[in-house]
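Order of writing sets the chain letters: A, B and C. Residues in each chain are counted from 1.
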Amino acid sequence: MIWKIVLFLLIAFVSIAGITFPIVAKPEHWYEFPLIMGLGENAKIIFFHVPTAWLTVIAFLMSTVYSIKYLRNKDLVDDIKAHSAAQLGMVFCILATITGAVWAKFAWGSYWSWDPRQTSIFALLLIYGALFALRSAVEVEEKRAALSAVYSIIAFVTVPFFIFIMPRIMRGLHPGSADDTNAGTVVNFKMNGNMQLIFFLSLIGFTILYYWMWYVGYKSMLYKEKLNKQYH
Amino acid sequence: MSSFELQAENVSKVFGRRLIFKDVNFSCKNNGIYGISGPNGSGKSTFLKIITGIISPTKGKVIHYFDGKIIESEDLHNYIGFVAPYVILYDEFTAVENIHFFSKIRGINFTQEKLDFLFQHFGIFDRKNDLVKGYSSGMKQRLKFIFALIHSPKILFFDEPTSNLDNSGKEKVYQTVKEESQNNIVIIASNEDSDLAICSSVLELQDYKI
Amino acid sequence: MSSYALFKKDLASELRTRYAINSLVMFIVVTISVILFSIGNEKISDFLSGGLFWVVIFFSAMSGLSRAFVSEEERGTTLTLQLIASPTTIFSGKLLFNLILVFAMNIVIALLYSALFEAFVIKNLSLFLYAFILGNIGIAIASTLIASIIAKASSKGTLYPVLSFPILLPLMLTLIDLTKQAMDTTTFSSSYVELAILGCYDVVMIAVSFMLFDFIWKD
């Protein structure tokens, strides 16, 4: 119970601080954020957009790890864990894509411009979509678990190729990417202490939130399975 | 004589939420005829597929020994002959082509005499160069026995071996089973009394349907 | 050797039934003519024609390459294959068949395409050839593996491109980039990394395929 209250306070603080703390050219008070050239007020998205993108990746990683575990032990609980992670990953992936696109409209002038990270998140969206399409097309539980586990592993090994090829083909627009001449590397850091603090608090808060959601999701799927078994 | 041994310990299979069978023990050695029976849906075919290594059991294990050594699952297929209604041969090839391709893929050689003998034995020699597409179900069944015997397997699995066969076909099958059982293991899954009559022991699968 | 025998079986079966070849040839014709119609009398840029080349290849591959496993599943002969060969043999036999099919198909596409599209001029032919060969191998491996997955699922036809696209995407992006480079310059120096990426993709995919195929193939 206690950690739920802590989580609530953490997320509440991050949300309020992230939105209301003013951005000024020369921060003097502890609650003022520095102005980052070329970003302005837009910079505040970092507290919400980056955690969603981060969780998309974490969920994908977790889903792959549980997929490998499933193929090793053939325990359907691992499949449920992987599936629950993938479901959340899909949700965060959509959130990251939308928040990113809206932000890009104001910062870069268009919703979509195939920046390397936009392309990566798009590829992840496709992978998640394919995974769910595959799951709905296989009836037998064991077969469904095995095939989706295999598919997530195949998808996982393609990710490094994206990381290598993308920056060579497309120009990076994201703050912090190698081609970004405007702001320099944001995370390296035009942020000052308080901004970093809130950024990392937000990251931690969202990660705990994700873990909690994942846990509830997989437990509820497990109970659903058990109930179904009883009435059959 | 070389020895072949099959051991299945506490084999259980669950399909999704449905229990097919539980803790089945089965073993056989060297030679002889063994039967498996049980009502429809009791999992006879599933059990056969599990002990041939085609599908894996939910619990328990199946081990094959040849000359006291465990056979790896990669090599198991060449020790096994299998006849079943769900074994399907290629329609677009002739009977002889089917057997030729299968033997090449297995990586084994056979003599022309053996091939001719088997075709003669099962009474489809005259039509061995016809496309399987044009075969009747009884002739397909006869061809499946050739498919199962051509590589001289150590253990034979016959699932409903006499289905679709006329009386002379059934006689051929029983004769084959008896000949093969001199040196090899023959396992028959069936509900026909005449099939089970030639078995030295019969494993009854329980029905778990409610 | 047994995988070569399986390949010969598939080839003989294909020549007799023409499961894949007929629809594949028609698909190539249809895709190219759709592109030609949509271009009309417009002049398209060189780079666009280089990209569209791989679009034709992707969709043609999606129409024909799934047959390798789907045809066995539809005829019910999967079990028969399981009885006569190990998973490794099956996968390498099917892969060999798809490799030949991909190369034949893509050579036909390349010839047709360069005859029909004036903008499609390759300056650095050897660079394009390296990319073409490594790319074809990658397409064959990935699509054979995905074909084995979708053969076990329902709604196979629509599922195939959906599952293949994310897996083939890094390969396709690299190939499109390399084609641009081959149309642009005659030097190699800037393309080594891309070629290395293609080579790595092929190696990684083949390793993953042989590791995971057992889980797909066995029920």
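Heads up, the rule we're going with is that contacts are C-beta pairs under 8 Å (C-beta built on N, C-alpha and C of every residue); 3 or more make two chains touch, one makes a residue touch a chain.
The structure displayed is predicted, hence computed values, not measured ones.
A.B. asks: Take each protein chain as a node, join two nodes whenever their chains touch, and name the resulting shape: line, ring, star, complete or other.
C.D. replies: complete
A.B. asks: So which chain is farthest from chain B, going by the mean of the CA atoms in each chain?
C.D. replies: In terms of C-alpha centroids, the chain at the greatest distance from chain B is A.
A.B. asks: Count the C-beta contact pairs for B-C and for A-B, then tell me which is higher.
C.D. replies: B-C
A.B. asks: Using mean C-alpha positions as chain centres, tell me how far chain A is from chain C in Å, no decimals.
C.D. replies: The separation of the two C-alpha centroids amounts to 32 Å.
A.B. asks: How many Å are there between the centre of chain B and the centre of chain C, using C-alpha atoms for each centre?
C.D. replies: 38
A.B. asks: Whole-Å distance, chain A centre to chain B centre, using C-alpha means?
C.D. replies: Spacing between the chain centres: roughly 52 Å.
A.B. asks: Quick check on chain C: which residues sit in contact with 2+ other chains?
C.D. replies: In chain C, residues 219 touch at least two other chains, as defined above.
A.B. asks: Using the touch definition from the top, which residues of chain A touch two or more other chains?
C.D. replies: 142
A.B. asks: Give the residues of chain B touching no fewer than two other chains, as numbers and ranges.
C.D. replies: Residues 56 of chain B touch two or more partner chains.
A.B. asks: Going by the contact rule set out above, which residues of chain C touch chain A in the complex?
C.D. replies: Residues 142, 145-146, 149-150, 152-155, 159, 162-163, 165-167, 169-171, 173-174, 177, 193-194, 197, 200-201, 204-205, 208, 212, 215-216, 219.
A.B. asks: For chain A, which residues count as touching chain B in their complex?
C.D. replies: Listed in rising order, the residues are 74, 140-142, 228-229, 232.
A.B. asks: Considering only the defined contacts, which chain C positions touch chain B in the complex?
C.D. replies: So the residues of chain C touching chain B come out as 1-2, 5-6, 8-9, 12-13, 16-17, 75-77, 79-80, 82-89, 93, 218-219.
A.B. asks: In their shared complex, at which residues does chain A touch chain C?
C.D. replies: Going through chain A, the ones touching chain C are 71, 123, 126-127, 129-130, 133-134, 137-139, 142-143, 146-147, 149-151, 153-155, 157-158, 161-162, 164-166, 168-169.
A.B. asks: In the complex of these two chains, what residues of chain B are touching chain C?
C.D. replies: 49, 52, 54-56, 73-75, 77, 80, 82, 86-93, 97, 101-102, 104-107
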